[in-house]
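Structures given as structure tokens follow.
Shared between the two complexes below is subunit A, which pairs with subunit B and subunit C, respectively.
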Partner chain A sequence: MELTVNGEKRTCEAGLTLEGFLKSQNVKPESVVVEHNGKIIPFKEFGTLCLQDGDELEVLRFMGGG
Partner chain B sequence: MREALERGLARYFTEQQLEKIRKTRVFVAGCGGLGSNVAYLLVRSGFRKLTLVDFDTVDASNLNRQFFFPPQLGKPKVEAAAEIYRILNPKVEITALQTRVTAENACALAKDADLLVEALDEAEAKAAFVSAALGLGKPVICAAGIAGFGNTDALVTRRFGRRVYVVGDGKSDTASTPPFAPRVMVAAAKQADLVLQLTLEGEQNDV
Partner chain C sequence: MEDQFVIGGKTLKSRLFLGTGKYGEDAIIPDCIKAAGSQVITVAMRRIDFNSPQENIMQYIPKDCILMPNTSGARTAEEAVRIARLGRAAGCGDWVKVEVVADSKYLLPDNEETVKAVDTLVKEGFTVLPYMTPDLYAARRMRDAGAAAVMPFGAPIGTNKGLRTRELVQIMIQELDLPVIVDAGIGKPSEAAECMEIGAAAVLVNTAVATAGNPVLMASAFRKAVEAGREAFLAGPSAVKEIASASSPLTGFLRKD
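The block that comes next holds the complex of A and B.
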């Protein structure tokens, strides 16, 4: 299936959860805030949200430093 | 002498602008390299109402970039910061909370604020705070990627969704690269400038 992630098209296997997708991209789910089709997804829903073809994701990734 | 800062500010801002700045409450989550410098720049710009939250105390290793001074070692950071800001402007009204900001307490602590600044240290704490704080429907100004030195032009402001602004290079991580004053202060200055802009001009369609 095809996703748009931070404005770029990405192809990935069908049936992935949001958590699965993040892990496949080597992104720690605990360190991001995700907007899925325009809606912010609470962290506790990352493991149950199944991604669909055509979904749009905005992934805001944090790194240490304050 | 007590009135010096505000008397001086009247030369640069209109009374209407000063009124907006004075009545705006800014919530600063974390009072380390980013938070202590963001709040300092806000006080200089005339902000009086600040809520500072940090569990930590001032350590010698903070002095390379955080707005603290050697006689303040061992003091809670939020109190040490408030002490300095009061010298600059005795009219500041600072709520200093020595506690850890979490996803659970973020909304309750920040509910009276007009704007929120994310100035926490760990990636997971940042994400948890921003995710929770978004529920308040107020602008959240964050930082991601401020470590190291060099190429300060890589520290840019991006917008995420409607109300989240992110300052940084999006890459450098203090987990692997130490933080130094210049880059940390560039990021802090950009965060403070966004607070000033949003206060005076409201939320824009573009950064």
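The block that comes next holds the complex of A and C.
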């Protein structure tokens, strides 16, 4: 299936949960916040949210800033 | 003497807020925070880089600090609110530095959009500290909207020019019943002391420490300057005069007058 992640198209296997997708990208789920189709997903739902073809994800984390 | 500094219901010991951007090596940040004695630490929120997904600024920020995510990157109130919500979803408290900047040359904050963002975020329960262009009326609107403090700039971000907005900031300090925190432009400890001497509640420094030759030593210098400036303000600076006034007695010389 195809996802749009941080504005870029990415292909990944079908049936992944959000947590599964992040781990497949070597991203620690507890280190990020995610918007799924414009809605903020609570961390406790990462493991149960099944991604669908065409979904849009914004994956963000804290960076150095003033 | 008790010198309470309370923001958003929290009593703070340190009046030096520290940013975490622009360090040559992020690993130096814990030592800088320790040397600065800072409790309030700012961070930004950005899309992750899938090519280096392990980097995480949070590992360098002590757990007992108050994290204040900024909304940098926001060009409108709506974008600032979105970023603030994401920051809170990361589970690090409800403080936010609202920063709405649409001018990319001088990075001057847009007060009108900032007021709107403050209004929305306060209603959502955030402790809101808006970064702003120094202006008494805009600051009053932010106060009325529920801002916990206002943070006018001393000079444009990252310029290290010092307190160029002194007159306006001083008026804000005198006229507002709200903490005024000078954020941005402070390049040297003496300038931080100047802010504190005129009654600023705190200063927020990033570039001046992060890009110093020795960031840890500079963090320590800023700590002392902020403490010195605060004490001077509390002590009440003596009046400026045009004509000399002898510090030594003018009578009792060896010679006869």
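Keep in mind that, in the parts below, the second predicted complex is superposed on the first by the 61 of 66 C-alpha atoms of A that agree within 3 Å, B and C clash if a C-alpha of one lies under 4 Å from a C-alpha of the other, contacts with A are read in each partner's own complex, and residues count from 1 in each chain.
Rule of thumb we're sticking to: a contact is a pair of C-beta atoms (placed from the backbone, for glycine too) under 8 Å apart; a residue touches a chain by one contact, two chains touch by 3 or more.
Predicted model, so just to flag it, every value in this text is computed and none were measured.
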item: Partner chain in contact with A:Phe43 - subunit B first, subunit C second, else both or neither; value: both
item: Which superposed partner A:Gly66 touches (first subunit B, second subunit C, both, neither); value: both
item: Partner chain(s) touched by A:Val27 [first = subunit B, second = subunit C, both, neither]; value: second
item: Subunit B versus subunit C as contact partner of A:Glu35, first or second or both or neither; value: both
item: Chain touching more of subunit A, residue-wise (subunit B, subunit C); value: C
item: Subunit B and subunit C footprints on subunit A, overlapping residues; value: 28, 31-33, 35, 40, 42-43, 58, 60-66
item: Subunit B partner contacts - residues on subunit A that touch it in the complex; value: 28, 30-33, 35, 38, 40, 42-43, 58, 60-66
item: Residues of subunit C that touch subunit A when the two form their complex; value: 19-23, 26, 29, 42-48, 50, 53-54, 56-58, 67, 69-70, 72, 85-87, 89-92, 157, 184, 204, 206-207
item: Interfacial residue positions of subunit A with respect to subunit C in the complex; value: 5-7, 25-28, 31-33, 35, 40, 42-43, 58-66
item: Complex interface listing, subunit B residues touching subunit A; value: 30, 32-35, 103, 119-124, 126-128, 130-131, 134, 142-147, 160-161, 164, 166, 168, 170-175, 179, 184
